[in-house]
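Pasting a structure here, questions to come.
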Amino acid sequence: MSPQYPAPVALAADAARRLTALRAQRPLVQAITNYVSMDVAANALLAIGASPAMIHAPEEAEDFGAIANALVVNIGTLSTDWVVGMEAAARVAAKNGRPWVLDPVGVGATRFRDETTRRLLALKPTIVRGNASEIMACARIAGLHDEAAAPKGVDSAHGTEAARASAVALARRQNCIVAATGAVDLVTDGERTVEIANGSPLMAKVTALGCALSAIAAAFAAGAPDAFMATVAAIGVYGVAGEKAAETALRPGSFRVAFIDALDSVSASDVATRLRAR
Amino acid sequence: MSPQYPAPVALAADAARRLTALRAQRPLVQAITNYVSMDVAANALLAIGASPAMIHAPEEAEDFGAIANALVVNIGTLSTDWVVGMEAAARVAAKNGRPWVLDPVGVGATRFRDETTRRLLALKPTIVRGNASEIMACARIAGLHDEAAAPKGVDSAHGTEAARASAVALARRQNCIVAATGAVDLVTDGERTVEIANGSPLMAKVTALGCALSAIAAAFAAGAPDAFMATVAAIGVYGVAGEKAAETALRPGSFRVAFIDALDSVSASDVATRLRAR
Amino acid sequence: MSPQYPAPVALAADAARRLTALRAQRPLVQAITNYVSMDVAANALLAIGASPAMIHAPEEAEDFGAIANALVVNIGTLSTDWVVGMEAAARVAAKNGRPWVLDPVGVGATRFRDETTRRLLALKPTIVRGNASEIMACARIAGLHDEAAAPKGVDSAHGTEAARASAVALARRQNCIVAATGAVDLVTDGERTVEIANGSPLMAKVTALGCALSAIAAAFAAGAPDAFMATVAAIGVYGVAGEKAAETALRPGSFRVAFIDALDSVSASDVATRLRAR
């Protein structure tokens, strides 16, 4: 824990404030995300209080990038023509000084994903969010080590603790925020590392909740000078909502419904009292 | 209110009759709609009693257009190759005398959307449905005025009353039905204008419910000689279902579920007694 | 009923064992499926205990086919560029000796679907699953008879009994398993034919549940030497889950939620006692 690291109580209070600010600001989040996650990501953004726009065409990158407050790029259902739109949007976000989040779904599983991730990392995402396997694969792609990280599909084969060194090295190399999420989430800027221990195991039983979290991270980063604290807040609020949902729903179908409800109902006070970050 | 305008009670009774007829006819609705809305639009069509088919390839436009009873074209997640399929399907619908609905999602936000909307308006949609900002942008694109309508993403920045003049002018210029939907919905054919005041604020908290409404409007217009009254019925039934759903669900996740249930359970009698149109 | 045909009790016990085995194995299922079904198919796979990956690019066919345990190809929302990926993935599955399932959605409705189905049938799917109209159209495409099978969109215009001869002939010609699903489901390998009478009429009121079943069939076929019994198990478990869901949900919106819950909660014991196969 580095000296400038905020105390747990301060982290929770900060996250609570950021949730209130997000709802007041209602940021417009451009999402270039996979087909599976579009529905739940858009509904998650609406429920938390942001405004989603699923716009991926390169023809629109310039115009829409001028009005969007943040961008998320997710490579879940990849194809060559979409990569063109992803790169165009990322360039515009960088040019306009808007934060953008990379979600490298399934990187490590195919060379096409590795190559696409390499190209997108070169465009300097503000935040990289993935599971442990994906973060380890990103570090490998960034030339940081030879750690073999071959995820089984899009699920993580590793706990996040196994990705800690990769996450820190990647954050330093890329000068960005890296979040490895799982049962315990790690967020690092290469100097500070926060662990967040909220959430529910049911979140892994619903498709695309990781993808939707990346979109929520973009919403929190919109207009925030400190992307590190914004990422901590996004993951913390998301986990608290997951816990609230798990209080009433025990199976994945009803959990998904309850989770969207919880993103709508979760209060700053819930976050301040429940966030377990250190 | 023009002389031929039906009384509120007659509007409600007419909408109720059309709902019964739709369920008996079970129209086949071809939907070329955005990725975000496909799921909820297909489920909404099934729940109301129609048969959905999400078919977008230009190679299929001729064959499928021969059996579809109506078409909806929605530009939410736009790309160049899809525009080809949209135009092909719209041409076939026009050739076969089948109604088609244009939902110009996000028009005004990018030049690509404006240009696509211009091309689709030239193919003479039977019904144009959008939020106030989108209808105002369509009117501008149709050369009707210079009103600056720059929607914030896909949400409307305006109440529908602000779009009244645009809607009427657009309906006259295009010789079509225009529906501007929001807290209060306006439907106009350029001569008659009906206001509908059903629905629930929760409908704006669930993604793609506007898109699904456009698909429902296509279902009501299938085989109906009077597209104006069909559009009023579609919007009215949808709003009554939204009110029924809001009686049991208070948050967006559970509201979406309850809303699909309500499209299935809403009865002609519900519509006849609850529709607030004038 | 041919001599080697298992008794109903043995079928139920076998299906129950296969469910337990699937959950232990957690097979990785690559799904190239339509946009409408991606969400529900992925959630159904997760709920039953499999690991979904929606990966369609031809660039990834080789790499991902090396790790996937099974493949499902669904032509619901078809376009030329996707057909390239479908063919590439099917070739890799065949080369690697992995089972693959073809779901020929809407075949018979357009020449593009017929031609695509012809190409995919030539790549020797392990299992073909469709409604009665689709199976009849497949038989016609395979040159087996001239039976006119023009489905109305993607819904079946026929009961499965009408497709029995087509299913058996297709299974023999293709040397594969054919499943025609509806109120009563037929599964045949050309010699044996099993009828399964589980499920709920509500399943036809939720979009893409047939598509999700094809994905579930791929999960059951993963690593199973007997694709016939695997298909019977998949359809049987699915139908039992549908019945469980219908015990608590009466409308399509809530049924969909309850159905995903039921895929998670359905036990080997439920299957052993409730499966109605003969």
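Assorted remarks:
All chains are identified by letter, namely A, B and C, in their written order; residue positions are counted from 1 within each chain.
We take it that contacts are C-beta pairs under 8 Å (C-beta built on N, C-alpha and C of every residue); 3 or more make two chains touch, one makes a residue touch a chain.
Just so we're clear, the structure is a prediction, and the values are computed from it rather than from any experiment.
Path length between chain A and chain C in the chain contact graph, taken as the least number of steps between touching chains: 1. Of all residue numbers that take part in the contact between chain A and chain B, under half occur on both sides, making this a different-residue interface.
Superposition of chain B on chain C using C-alpha atoms only gives a rotation of 120 degrees, nearest 5.
Per-chain Cα centroids separate chain A from chain B by 34 Å. In chain C, the residues that touch at least two other chains are 35, 39, 81, 256-257.
Within the complex, the chain B residues that touch chain C are 28, 35, 38-39, 42-43, 46-47, 51-57, 59-60, 63-64, 67-68, 81, 85, 256-261, 264-265.
Interface residues of chain C, counted against chain B in their complex, comprise 34-36, 39-40, 76-81, 106, 109-113, 150, 152-155, 205-208, 251-254, 256-257.
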